[in-house]
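Shared chain: chain A. Partners: chain B in the first complex, chain C in the second.
Let's turn to the complex of A and B:
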């Protein structure tokens, strides 16, 4: 397949997914639709996470910071501004915060970067808590103005489609190539003419804008928000887990994993919450050990490889048993 | 005489208490082929890192085409036409050989008209002799091919000055000669200034027009190969007559 055919294929697959998700509320139960909403939220979060963090290998744990900023923006703005404006404001504010945060920590790599983004998330959460207690005199906020649930669903679907579309287009752009170069060997990319500081900051801000928009759209679902729910680090962790298990560098990995996760979450979490967390952990371990490219890198050959390896192992095990017996 | 393309003034690099490069000044004229030699730990690679922007010198100035580049980020150096290779090839392992070349063309090489030989991916691959491997991932080719690719990546930025860091290290004798000829050819046909660091002194001396000798971070000689090998300080630094033999 040449480049153009791949582009057409990707766009068609995306269109099919979007069509399916669009039709879902018309025949699915309320339970299924709410599950689909969570699923779309994680598609948007993990796909947008992957487009910066996957290609550059900068592990950001700040997704919940941007989510929370978006949520608070819509809580504050929805009275005065329209739905679309509130979401755009949430996205914009998150992007601005990401630029500031990025200038401070994007020269660090690996663990340092991950830990600092996590620390900054906590800092923002506590700052918001302090501000609300001291100046607004509240712990949380009630969202009185909320759009129809159909509107929320369509918005989330749009954000998910946009996130995947951004990944598709970015892969074909110079900007995407620069991100890949930074992930492969940052200094080499620099000596070949990439302004890495600019590219990293812009990529981080793009990821953050999606986080903010998703937070802004999701806040109204919850009617009551406080810093501990919207800045919940679990949102950030789950985003990273989904992206890694699906394959952070791949296009469809985050989407596939988000679906797997939502199904697991909704079927297991209510009845067996421990089993849900355990299966997440197990899935991550299995992926890291046996499928480093993530679920999206699964091919027919992968199964054949496992089958061969399994047979070989069984044979050597039997041989060992004969010798000992 | 041709104009000076790059001028380094009193470049000093310190790591903690260690002075790796000590007030080295050097100028490189357009179209020159200059070698830099020196015993292990003489500061050759550190000097290279400093004049390609990879590390910021502790003090000193760097002028390229009249512009002061000291303290700027490496992409500015690339934009000014300074390209370099690394001692251990740093190719993008997951990308194809062709995509590795394409990278430089898409960034620093985009704004410059290069020589005819650097017009596109294929012409650069032809020059470095890797056309037949274009679609392979860079991780799958041999180390000496990776070294050629490393040079190709630097050429793709359509540079005016090419800094080569021990490109002949670890190659067989025949390969070393091929490499030296490629370097000569690049200088002649691509209108480049080439600065070449090498450990294998004898090969280098046969091909360059000027040699700079570094020893313990200082520049101890700068001249034609014939002059440099007779310099007593240089002979002492190398503790032997390897160089005198090479010159004979």
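Let's turn to the complex of A and C:
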């Protein structure tokens, strides 16, 4: 397939997914629709995470910061502004925070970057808590004005489609190639004339804007928010997990993994919350060890490789047994 | 404020700081030596605390006796974890950057696994026991006896580890490995054996820290994460891999927190430590004491 055919294929697959998700509320039960909403939320979050963090290999744990900023923006603004305006405001504010944050931390790589984004998320959470306690006199906020649940669903679907569409189009643009170049070798990209600082900050802001928009849309669904639920670092962890298990560099990986996860979460979490979390941890470890490219890199050869490695291991184990016994 | 009140404030800061330094020791060893940022460090600390609590409640053993027991149990666990996860990771990662990122993800997985195992096994309630809870008077000031004991033992363990690294042949090998892994291999240091051993000792030390903490504080399955963050802050303050730096960093953080809480408000504690952490990482990423 040439480049154009792949583009058409990707767009058609996206269209099919979107159509299916759009039809879902008309025949699915309420439970299924709420599951689909969670699923769409994680599709949007992890696809947009993969957009920047997957291609540049800067591992950001700040998703929950942007999510929380978006949620608080819509909680504060929804009285005065319309639904669309609040979401745009949430996205814009998150992007601004990301630009400031990015200018400060994007020169650090690897673990430093991951740890620092995590620390900044906690910093923002504690700052918001302190501000609310001191000046608003309350810790949580109740969202009284809320649109209909159909509107929330369609908004989330739109955000998810936009996130996937952005990754389809970006990987064909100069900007996307620059991000890929930074991921492969940052110094080389710089030498070849990429303004790495600008590209990285812009990419980070784009990811943040999606996070903020998703947070703003999800806040009304929850009706009551406080800093510990919307800035919960687990939102960030789960986004990273989904993207990595699906394959952060791939286009469809995050989407596949988000579907798998939402189904797993909704079926297991209510009855056995600890078992769910334990299997999540185990899955992550196994995935990093045996499938570093993610679910989307799973091919027939992968199973063959595992089979051969297993046989080899068994053979060497038997040989060792013979030598010892 | 009177002079003795100042003294008491700083002394209580130092006591907390000593405990912070102890919590950071194991993580510092693992990150400084092997570039494994073990974000599950606090969870293993929590396991040590639960072991001690179980030994005390079920078998009536003295918590002090449980300190070496939890060291050995967690060290064995560390050897197993290293054999199952990190050995393969070292073998398959193309370079150190990728190894670090993947190691971090594995550690996240361990964190979910261990924390939820504990809450599944022991339930989410607060647990604790009384041990040396009477106040001890030193001069004008009063301190809880168990906190003083924990502080003393924390200093003993930190200094012992520093001396072990400075004076013995094993310590020399470890320091060589910190400086240059390839160079260490070239001069005949057996990295294949040293790595699992040091990972095990790192986990063992977190077990010791948990065991000591359970004497002075209540324990829950979710107690680990704040300690992980504290340990991270301490080792960034002291510079990754530097043991004496971590000791100084821990004491410093304790004093900063005590002073900051005295002059602002206790609800700012978390905000304060995260601000220190972010500021140090941004301004002096190699640690406060680096040249």
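Simple rule for what comes next: the second predicted complex is superposed on the first by the 306 of 325 C-alpha atoms of A that agree within 3 Å, B and C clash if a C-alpha of one lies under 4 Å from a C-alpha of the other, contacts with A are read in each partner's own complex, and residues count from 1 in each chain.
Methods note: a contact is a pair of C-beta atoms (placed from the backbone, for glycine too) under 8 Å apart; a residue touches a chain by one contact, two chains touch by 3 or more.
None of the values given here were measured: they were computed from a predicted structure.
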item	value
Partner chain(s) touched by A:190 [first = chain B, second = chain C, both, neither]	first
Partner chain(s) touched by A:93 [first = chain B, second = chain C, both, neither]	neither
Comparison of chain B and chain C by chain A residues contacted	C
Which of chain B and chain C A:133 touches, first, second, both or neither	second
First, second, both or neither for A:218, with chain B first and chain C second	neither
Partner chain(s) touched by A:285 [first = chain B, second = chain C, both, neither]	second
Contacts of A:104 with chain B and chain C, given as first, second, both or neither	second
Touching partner for A:114 - first (chain B), second (chain C), both, neither	second
Interface residues, chain B side, partner chain A - complex	52-54, 73-75, 77-79, 83-84, 86, 90, 92-95, 103-104, 106-110, 153-154, 156-157
Interfacial residue positions of chain C with respect to chain A in the complex	35, 37, 85, 88-89, 92, 97, 100-102, 104-106, 108-117, 119-120, 229, 232, 236, 267-268, 270-271, 274-275, 277-278, 281-282, 285
Complex contact set, residues of chain A against chain B	174, 177-178, 180-181, 184-185, 187-197
For the chain A and chain C complex, residues of the former touching the latter	57, 59, 104-105, 108-112, 114-116, 119-120, 122-123, 126-127, 129-130, 133, 237, 240-241, 244, 273-275, 277-278, 280-285, 288-289, 292
